[in-house]
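Can you read through this structure? Questions will come right after.
Going in written order, the chains are labelled A, B and C, and every chain counts its residues from 1.
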Amino acid sequence: MSTSLHNPSILLKRVLSLADFSPLVLAIDSIAQSSCKLIEEVYYNAKESGDFTIIYISFETANEPSYADIFIRAEALSLEKLSQTIQSYLPPSNRPTKSKFLVVIDSINHISTNHISQFVGSIASLHSTLLAVYHADLPEYQEKTLAHYPSSIELLNFMATTILKVQQVTSKNATEEEIENDLSRFLIPRGLNNDIFKLTLTTRRKSGRSQSYSFHINTKTHSYETIIASSPADGEGNENPEMLQGLSTFNLSTSAKQKMAKEQVELPFLEAQSFNTGGAIVYQFEKDDDYDEEDPFEDPF
Amino acid sequence: MSNVQKQDLVLFSDSSVISKELCTGKSHDLITITSSPATSSFWLLTTLVETRLTGAPFSLNSTSVPVVTHKNMNLITIASFIHNAQYYTDALNRLKLGPESYKYIDLLTNFVIKNIGKPRAKVLSELLEKFPQDSTSVVILEQPEVLLTLLDGLTSDELHRKFIMPLMQRCGLLIISTNINYSPNGQTKDAIEFSRFVAGCFYKSIAVLSLKPLDTGRAADVTGSFRITRGGASNSHLSCHVVENEYLYLNQKENTKLFYR
Amino acid sequence: MSFRKRGEVINGANSGVRAVPGRTPVARPTIPTGRTPTVIGGRNPVVHSPSTLADRLDRVSIRNEGKKTDERESLDANHPGVKPSPATSHQTTSTGSFHLDKVLGHSGLPLGNSLLVEEQGTTDFGSILCKLFSSQGIVHNRIENSVTSGNTHLIVLSINQGFAKELPGVYKGSRKDIRKSKIAEEEAKVTVQNLTGKTNAARSNDLKIAWRYGLGNESSDKEGLGKPNLNDENNYSHQFDITTRLMPAPSASEITFISPLQPVQVVLNQVEQAIKKQSGKIIRIVVPSLLHPAMYPPSMFNLAKIMPILHGARSIVKNYGSRCILFASVSSDLLDELLLTQIENTFDSVINLEPFDQEMTQLLERAYKSQPNKIQHGLLHIMKLPIFSERGEMHVLKSSYAFKNGKRKFEIEEWGIPVDDIEDTEKDTPTHEHAGVEHKTDNTKVSVEF
């Protein structure tokens, strides 16, 4: 067991197949990469590992997913009613059953901050895992009366035993910054919501200590590839002080302070370099332009 | 721009604008269209109506227009909070689509007089009742976010849960056109509700179509850019997928042309 | 480009009725769409065969018959303040400012459309435009007509009852011009008396002068029978002198005040009642200084308070689209982004005025030292244009125009930063001269200070 914990891929497999007991699995996504692909992947792994009843609670999914055993439309239900409905499908806590339950909520953002912890507590139990999707980019208004209460995401982060954070894999022709920029104007860049995405897995041990790993997930081939976080030393590999030793009497290495200063220098025309399409000169006459048509040497273009 | 190759509009990988796999009665899907006040989506909405009724966006691709033969009003329903029936009738007549071939729900004329002061839930459920219950039909809904300004205390979540979601259930394909004329980072309660509404639409959508002016401003030969991207919803129930694309388009004298960027 | 010629094209199928250009106001086409701005066929008659056009018109009219009531459609066909837009042939009326009419792209504001004038800073150019718009309506109304006593009605959504007394009067020309026009008036009267035996040409020549100054209309009505175009052109848009007042001040029969602070349904019902009461007239709805803190309590700044009024107003303007227009001004600095954009969203056209700051004004003063009447007061940004923007055309045009408000004109011209060269300005470089939309020729006029 302990060895497997140190192998990220095996750990991920265990998490996705819900092999380990984890009452609250939190999936954090954004519109750049929504978590529907992840949920399908969880289903793919879980069905191999055993008998699962999947209860799908829909706040924003209109089409019943093919894998859902029970599909509950939550949009018209009050929170109390919703809790009761879910409870009616779950086994009573004093009578353990063989089959396991997975409760999927497609968007826990719809449950208000002051009810969220109670709601999660009522569902996550020994026999059922709650897989809650949280849209990180859905803005939320903090009521004045809850000014000092933690926000929903803080609460969920605190309670969750496993956190799966989904992120887009940036394609070649779009930088992270451009994507951010577009998204901040309600504009969805191309090439997002792909079959391949990045997943950051954080698991909590019983003590509450957490471990974090990153993967590239390909949902088409169901292959997972661990991203080995490059250590800071590797990142600056091309400048190894030892290589410069003895080459000259000059001091060729840079100190940490110098490096810092170097990094902070803003290169000129960085703006200009961000143009990825060809430029064109568009000239239009303005009232103050003095242009003589008959002068052959005066060409505004 | 005249020498640039004109492009046909394609949304799905089966070379269609509204795929045959949608509106089969088995699924309920959403397409969100975002537009800015400078680049109104009206031409796109009429194009989609035309596509639905005739099978393809003939006026956009400027091929010959077949005559509409069916008289099934349930094929498409148009509902708008900012235009009245006359406006759509005129525009669609121009595309040779008579008023008997679609259903129009006027949510502009006298909406305020009829509805202000009623409980929100009642207004929303009455609105919902106006739409036909037919999971093979298409519904075009123009600027539902206006409701957030008209009904006191209405939140984005309530609007989604009591109107948008049930409406999706009623039809096969819901097309929402919404105006993005505010910055998403507003901190007031109203601003947050608006941003939340749009984000909520994105998560439910299989495709998002965005119309926006060029960043460089007004140009004589380009109206703006038209981007087609995937939304947040799962499309695993479809065998075709959304073809992501970005066109430049020119809207002039009630004609629109698409170009590749 | 006369109104009549266009009218014939527009009506296509039933041009027979319109060919006698309706000096008799009863001779209107009976099919309502003949006059409504649904000029589908008119604009590209080549594309559609005449039969399909007629079919379509029939169909539309059938659809409309049950719904459309008389008071919505029966706009007098000979309204002197209405002509088709040169761009789209929609029926259009003047905003009271010739240059603003031009900037809107239709030589006016098409009927059934609304215009919002936003203004940055604390100046009040917007309300001048409001007053010009209102005066224009009143002046249209006072043009004598053979059948009805009035053709235009003004609805003011404001608690400021004094608005009616602040409306500017028609510009009568410089002192010299006024003297001239008085003579012309006398002459016109004489010609009326000695009508018989005079040639038509001579008469219309005299009247031309009188018409230009909006005078002698009593006679023009009877006289103008043979020359309707001239009449229309001259009465379409007037020039106003903002230092004078409209005399006599508009009466209750010309203007209706409705307080926007009442419950929304009451406001909207009152507006609609007023429109119904004034059947057959052009209705100009004016909202001067929308959400001005002196007039509107803080609670009105709630989305749910103000937006229903505007949405309802849009509904009314569209519903009575053949004879109703809406004009509002607002100080944009006072509103937050969301509220402002939502307000903009309910209007068909939006322009934004950005008055120059002190520095810019000083620069302009230096540059136009010898021609103080050339100093512009600010930039005019176009955000949306009527009809075009709604169709999907992109018409945002920022810092392209500058405006200046003079005693007798609200001028809008293409903007260019003047050359700040003291020597040069003395000589008055020709580059400034030819580019402006229209320059005043007499430099003795000093623009009104703001």
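Note that a residue touches a chain if its C-beta (ideal position, glycine included) is under 8 Å from a C-beta of that chain, and two chains touch if they have at least 3 such contacts.
Just so you know, these numbers come straight off a predicted model, no measurement behind them.
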- [ ] Treating touching as the only link between chains, describe the layout with one word: line, ring, star, complete or other.
- [x] complete
Task: Most heavily contacting chain pair (counted by C-beta pairs in contact) - done: B-C
Open item on the list: Quick check: how many Å separate the C-alpha centres of chain B and chain C?
Closed with: 33
Open item on the list: I'd like to verify one number: the distance from the centre of chain A to the centre of chain C, where each centre is the average of its C-alpha atoms, in whole angstrom.
Closed with: 55
Task: Approximate Å spacing (C-alpha centroids) for the pair chain A, chain B - done: 29
TODO: Indicate the residues of chain B shared as contacts by at least two other chains.
DONE: 183
Open item on the list: Quick check: in the complex, which residue numbers of chain B touch chain C?
Closed with: 37-44, 81-84, 86-87, 89-90, 93-94, 96, 98-99, 108-113, 116-117, 143, 146, 148-153, 179, 181-183, 186, 188, 190-191, 194, 211, 213, 217-218, 223-224, 251-252, 254, 256
Open item on the list: If we count contacts the way the header does, which residues on chain A are in touch with chain C in the complex?
Closed with: 286-290
Task: In the complex, chain C residues that touch chain B - done: 36, 38, 40, 52, 56, 59-60, 63, 264-265, 268-269, 302-304, 307-309, 311-312, 314-315, 318-319, 321, 336-339, 341-342, 344-346, 350, 383-384, 389-398
Task: Residue ranges of chain B in contact with chain A within the complex - done: 27-30, 34, 157, 160-162, 165-166, 168-169, 180, 183-185, 189, 192-193, 195-196, 198-200, 202-204, 208, 210, 212, 219, 227, 229-234, 236-237, 244-246, 261
Task: Residues of chain A that touch chain B when the two form their complex - done: 29, 31, 34, 36-37, 40, 59-63, 65-66, 73, 75-76, 107, 110, 135, 137-141, 184-193, 277, 282
